[in-house]
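Each structure below is given as structure tokens.
Each of the next two complexes has subunit A plus one other chain: subunit B in the first, subunit C in the second.
Right after this comes the complex of A and B.
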């Protein structure tokens, strides 16, 4: 692992942290010693392939699943010992919509949910419901996936929790609701100091909001860093001579190799100027050095060979 | 004024916001003493992190383009050198064009020459006379 791809955020206040978290389901290992730190105020995007352990991580912070080893804490509170206090500080958008109250109307469900949260802001809940075009008279159990999602967003946001956990929050939302969700989250962040931990496959949807990235693979983080730090992940487009072997000599970690024949597009870890110079020294004619979008960074880090 | 950003643009988002505000100043849709949109407003409109907007405003303040009136918001400075804003903006556009030219294997001279030729053709197309 490239050490610089993993920030520990030791100099910042921490909203959520896990240490050596392990969880096995039968013979399957969901989490394998997870060390994750979510700094306070971050919009932390947690990505990873299906089965990498994203949902298990969120459930560990909420103390909804018993872990085999390791610890989790939220604002310094141990999640297992202080489960109720921890959950009171969290707004949660789960990945599933099965609630035990499917027979209730949306309004009744929201009223019921509100009783658990002293900080529930009734007028804000109403405002969110309008923005998300929710019809409160409908029976919750009869809602489509996308409609249920919107109700869950209201439930998670209306008590203005200091920590928001969202598991694939835009899954099932139509493009318009998706766009409204982004606007609503941006507004919410401007009004209320909130730390967000969001697990998603659709990183482009959170491109402008995310400022921290965690890449989960096989129950471990292979990268955890700020968006700003990701500026050092650059793609170099260059022409190389026939049979170029200079790539093996590059003094920079290579994250991903691409291109064809005499034209290459490699993603490397380093400053733009240094990367450009390194390729030139290795005999390549550099045409472009560009920073990656959050989505492209994610793809590059997910495809990164284990050894590098 | 209208601020447009593009996530796949090589410039970081806060830079794009700064350039867009400069653009508004140069074309005159934003004039001295005008208020900038609030952080919340712009973040919500662009679906971006409020911190990014704040960063752009902070940088512009450092450069003297805007100033903060406590409790009132951020305003375009009263005394602005239009000339330097134009130069700054021109440099940003030129840098992008240069990088694009280099990617296509074109030299600076070739690019400059092509810009003049293209400008002449554009003028003809719009029926204007060549000087």
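Right after this comes the complex of A and C.
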């Protein structure tokens, strides 16, 4: 593994941390020794394909799932032994639509939820409800997927939790509601110092939010780094001679090989200028060196060979 | 830890209990449960009236056919079972309360998916504590329902002039009326709290018991069924304990000592409570 792809954030206060977290469901391995560190104040985007272990990771932090091995902690509190204290500090947006109490009105559900959080801010909840255009008189069970999602967001945000866990938060939201969600979350973060851990496989929908990235593959983090470091992940488009073997001589770690024939598009880890020079030295004619978007970076890291 | 985080603490348990009670009672009780309550109350009223005073259908050329209760049958005919009619009235209420107590855990956990109570468990309360508080909230509401059914029964009897329903019974008779439902409720709560498939476990266990007894009878191995019957109908059996002083009163066994029944009831209750505690403790109940 490229060392620089895995930051341990040891110099920063930690909001959530897992150590050697393992979970198996029958023969399937959901988490395989997960070592994740979410720095305090970060918006940490945990990405990975379906089944990579994202939801299980969030559930481990909430102590909803019993782990086979390893530990998880939130603000230094062990999630199993101090589960109630940990959950009091968390606002949670679950991925599931299977939410209980469909018979209650939205107002009644929010009132019930508020009972559990002494820090619940009633006026803020009302403000959020207005911003999300929530009708409190509606029966919760009768809401559409997107409407229910908005109610869940209010439930997660209104007690201004120090840690916000969001599992596929934009799932079910139409494009307009997604924009509203992003604006609302940005406003919330401006008002309230919060650490956010977002799990998603739709990175493009939260492109502007994340400042830390964790890439989860087969139950393990293959990368964990600040977003600004992703600037070192560049794609080089170049033309190479027939039978080019210069790739093996490149002094830069190759994350992903792409392209066709003599037109190559390789993603490498390094400064743009250094990458350009390295390819030129190896006999390629460099056409373009470009930084990757968050989504492109994620794809590249997910496709990275194990040996890297 | 910053000062800001200290306001993010678990709620007081009293608030949680109140929230659970509100949730169980519901602001919009489902029509099914309202209907069940009405039907139960009607059964209690009708059965009480019928048992106490008999039912007579009177019709004649000058009057339409009418159905009303009148004191035609009082169980004092050729076969005198020495039944205390007032006791029967309350026994009917008890049966109603027992039936309700059997289904009550499902109402208490209404809306929570037994496959994984993600929302309930994600609340900032210890998971076992939270489960037990929910069960406790349901348990606290049971006597209210039992009292309503008893009042319906006694009032029905009184409305028909059977004022003798009030005096003459020992305290244990009333204790039994209120002691049986919690026992049933806690026993049924065990699979409801601890299993992903509570209905299957409940009906499966009952069905398996019936099937086992039938098979053993068919195979001529009746002696092997004795432990099972002992568990249910022995001196400290479950059904004997549930029936307790009410059955004794009806059957005229008023002289039976109360202590063994009370002890048996306490043992069953403790067993059921431990079962619920274990069901709430099971760490593999994760999602």
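Keep in mind that, in the parts below, the second predicted complex is superposed on the first by the 308 of 308 C-alpha atoms of A that agree within 3 Å, B and C clash if a C-alpha of one lies under 4 Å from a C-alpha of the other, contacts with A are read in each partner's own complex, and residues count from 1 in each chain.
As a working rule, contacts are C-beta pairs under 8 Å (C-beta built on N, C-alpha and C of every residue); 3 or more make two chains touch, one makes a residue touch a chain.
Please read all numbers here as calculations on a predicted model, not as lab measurements.
In the superposed pair of complexes, A:257 makes contact with neither subunit B nor subunit C. Once the two complexes are laid over each other on the shared chain, residue contacts for A:182 go to subunit B alone; subunit C is not touched.
Counted by residues of subunit A touched, the larger count belongs to C, out of subunit B and subunit C.
In the superposition on chain A, contact of A:85 is made with subunit C only, not with subunit B. When the two complexes are overlaid on their common chain A, residue A:290 makes contact with subunit B while staying clear of subunit C. Judged by the touch definition given at the top, the superposed model places A:145 against neither subunit B nor subunit C.
Of the two partner chains placed by the overlay, only subunit C lies in contact with A:102; subunit B stays clear of it.
In the superposition on chain A, A:159 contacts subunit C only, with no contact to subunit B. Considering their complex, residues 1-2, 4-5, 7-12, 15-16, 18-19, 22-23, 26-28, 30, 110-113, 116-127, 129, 283-284, 286-287 of subunit C touch subunit A. Against subunit C, in their complex, subunit A makes its touches with residues 59, 62-66, 75-76, 83-85, 87-90, 92, 94, 96, 98-105, 108, 112, 115-119, 139, 159, 161-162, 193. By the touch criterion given at the top, residues 5, 7-8, 10, 12-13, 39-40, 43-52, 99, 102-105 of subunit B touch subunit A in their complex. Remark: subunit A residues 41, 43, 179, 182-183, 186-187, 189-191, 204, 207-211, 231, 237, 287-288, 290-291, 293-294 touch subunit B in the complex.
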